[in-house]
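Labels A, B, C and D are assigned to the chains in the order they are written; within every chain, residues are numbered from 1.
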Amino acid sequence: MYDNHILTDVGCRNVWENGKKVGYGVNLKINYYRGLPLCCVDEIALEVDGEKVDPADMVVQHRGREYPYLEILKDDFPTDFYWVFGEMLRVVIKKENGIAQGRHQVKLKLATRRSYTPTMSATCEKTLTFA
Amino acid sequence: MYDNHILTDVGCRNVWENGKKVGYGVNLKINYYRGLPLCCVDEIALEVDGEKVDPADMVVQHRGREYPYLEILKDDFPTDFYWVFGEMLRVVIKKENGIAQGRHQVKLKLATRRSYTPTMSATCEKTLTFA
Amino acid sequence: MKTNRDIKLGVSLYSYQDNYYFHKHDLEGCIAAAAGSGAEGIEVFADSMIAEWPYITDAFVDKWNGLMARYGVEQVCLDHFADRAMWKNKQLSDDQLFERSSMYIKAARKLGCSTVRILHNEHIGTGFSPVRLTDVKEVERLLPLCAELGVMMALECHAPTTIDDSIHEPYLEVAEKLGMPFVGLQADFSSYEYCFSKAGIGMMVRQGATEEILHFVRNSQREAYFNGVPFVYDEIKHLVEKMNPNEVDRKILPRIAKKSPASYETLKKYASKLVYVHGKFFDFDENGQVDNIDYPKVLQALQEGGYKGYISSEFEGNRSMNDIGWVDEIEYVRKHQALMRDCLGYNG
Amino acid sequence: MKTNRDIKLGVSLYSYQDNYYFHKHDLEGCIAAAAGSGAEGIEVFADSMIAEWPYITDAFVDKWNGLMARYGVEQVCLDHFADRAMWKNKQLSDDQLFERSSMYIKAARKLGCSTVRILHNEHIGTGFSPVRLTDVKEVERLLPLCAELGVMMALECHAPTTIDDSIHEPYLEVAEKLGMPFVGLQADFSSYEYCFSKAGIGMMVRQGATEEILHFVRNSQREAYFNGVPFVYDEIKHLVEKMNPNEVDRKILPRIAKKSPASYETLKKYASKLVYVHGKFFDFDENGQVDNIDYPKVLQALQEGGYKGYISSEFEGNRSMNDIGWVDEIEYVRKHQALMRDCLGYNG
């Protein structure tokens, strides 16, 4: 659901600290008709210019807090942090020197677990300009 | 400037009070590369389904306050209420029973006074669905 | 606009999901859209349109009640979900699922909804859901809370099941056993589809299906229905084979060729016992009728059977059409409400 | 990335206006884009990207300085406007305009900008602006404040004027008279256009102009420029007439056919006195050069003339291309910065 829209170009850019690029981030929207707890994210898989992003390098930013991506996949992660329907979830990839400014081919696979339907996976591929 | 975008379909709907429709509103975006004080609005002219909206029926909603449209055109209207660049200005047309829900042809002429260029007028016509 | 009719019309805000997802309308805008369609009841998915969910603050409750007053509508139903597969390798225990279900029921009460659409284990039959949903044992545990709060659990009977499918009966029996009549049947018009909607054809074709085959099968379904005979796919299968179905067709056909409407007689018989109804629809035909559900017949059965309660518009065509552009959900619901009023004789 | 070069490169956030208007990037995103292009200076339009304008809270100042530190850039210039026609039937008095100008200068100081692009009365020559902008008298009144705060007023000399146009001189004279050297000349590369950019052709054609004629005139302009001879429209006018120009062409041609670059020699002569420079551009050609301004020549003149200060990218192609779709401003500025670094020998 919403496959064409789960990968957005909003806020697509490098992340800086003290004058240096330390990563880059993209904003995702949910592939379902309602919001879900973060712990119901089954998979966020990113490929940039044909190269798989290491899940260990990914952090998820949500309502002013930041969680290592692998953390939200763990059993007993809190059930009350909702990825709100229609709102963006920011995924930052930690990487020294970030990503070269400009256009990159980004592929996202987003899988979420739902109540009564099996885990649904949406895929979206776009050329995004990273600021 | 931004002619195609000055008339938006965001929040396009009837306005209700106590279970009754008392008007309808549209959200506009500015036709310039910066924000302008509300008093620099030279004209907001609306035509709905070919019929001109009476300027006396229009109110402008801005940062939690509401001004009769004709008020913002008056000399000495405050100069520090900015229509922020990229943000929407809500125009509500007071009308008993509002507008019939559904699609209507809306034409907007928006003219703004600027610093060094003559008053610029943008026109936009769209079919909008009023909720 | 509030009435005192036996059958009242509502809108599930689910119908406006694209407007919300793409930020055209916020919760208030969706309620305004529902009220503007002429509906008097609101069904809300807390998971979708209450941004602070799973918490509901007093401030939100006040805002909510204010919206109900402003738009002259009433809160009717809140949708419950059963996210048991909460973690990758671990599921909620029955106790935990019970806690979450209680949360939905208390939220319904806070918002003044007399009904919770409960996601019971047989919602879409058996064998499809990957986890055990809210089963009879859970419902039994929830009944005292529902009785205390006065909230009815509506068992949404969605295709491929029907309201008279015996798989829903144990829920009613447990309520009877406890003497707590707070669980009841909810019809969803998906059970009354006599063909598949043309809303889905475009998307199926974009996924690789053969347009001619889809139209042929759909027309055969319609012909059978309007001739009053059952549609049997095996009877046209040889004709479909001649049209050279590809692999996508072969995957899709068994699913969409199954359509046949549940009995209107049964609906009439059950009508007075139903606690809620979903007026599901996907698209209209050239005559302004829902293009795969016989609304005049379905609504007649409900009316003649003495249904008392809400029928809420549940537009689902957005999902099969929004991959290629904007679907005007507000316009769809407006027409749907007008059609339902027509069928029920409310326009005359 | 901060350097201690004589000529530093900046970006006017004006370049990212569509990203901001359409909510792709907020102020921080635009600063990140500028920093990512390799620039070390930021020019900001308070009227566009400071949402609380005309007020600047301490909280905003802290955020701003934090952003400068995070992205390793420095604030360079804030743009002043002269909205004298504030009301429909009444204009700001000179006193009121002075107050507003002071507001911009104080804002620049608060944000750490050493320069204010002042919208002086001869910015785009005379006879076009509907009101008297910030004239010599106003600038004279502003000089003491600028001297006190250490803020330089940059007189942006935009086409059709040039830096050596005598209409700018009275401003410099009044500063000299007062012994307050806080007003200076700012070059804008619009003065160095040797043809019109192809960025505008699409829009002009969409407005009804004849594509063949536009290309013919543009090619004639380019031919003349690269042959080192002045472009005289009258010499090709009879050829244009044979192409049957329509009314739109006749309206557009006098405006776009006027292009001829100001003198590089003069630019070199003035370079060491300039206080700020706008690297205006609209589009690139196939070779990665700006398609209507001779950047190698212009930057050579500035460098050889001993310019010390910022050249800021000012992308304006968005305005002539965004009526038919998204213009990738970030990519344009990135290429522009790379081109300027090339021209200045910063890449070797």
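Quick note on the criterion: a residue touches a chain if its C-beta (ideal position, glycine included) is under 8 Å from a C-beta of that chain, and two chains touch if they have at least 3 such contacts.
This structure is a prediction, so every number in the text was calculated from the model and none was measured.
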Partner chains shared by subunit A and subunit D (touch criterion as defined above): none
Mutual neighbours - chains that touch subunit B and subunit D alike: none
Chain pair with the higher count of C-beta pairs in contact (B-C, A-C): A-C
Most distant chain from subunit D by Cα centroid: C
Between subunit A and subunit C, centroid-to-centroid distance (C-alpha), Å: 31
Intercentroid distance (Cα basis), subunit C paired with subunit B, Å: 38
Whole-Å gap between the CA centroids of subunit C and subunit D: 58
Touching two or more other chains - residue numbers and ranges from subunit A: none
For subunit C, residues that touch 2 or more chains besides their own: 23
Chain-level touch network, classified as line, ring, star, complete or other: ring
Contact pairs between chains, per stated definition: A-C, A-D, B-C, B-D
Touching residues (chain side subunit D, partner subunit A) in the complex: 1-2, 19, 23-26, 29-30, 32-33, 35-37, 69-72, 328, 330-331, 334
Residue ranges of subunit A in contact with subunit C within the complex: 1-5, 29, 33-37, 39-40, 42, 73-77, 79-80, 82, 84-87, 113-119
Of subunit A, residues touching subunit D in the complex: 9-14, 16-21, 101-103, 129-131
For the subunit D and subunit B complex, residues of the former touching the latter: 14, 17, 20-23, 45, 47-49, 51, 53-55, 81-90, 100, 119, 123-124, 128-131, 133, 319, 322-323
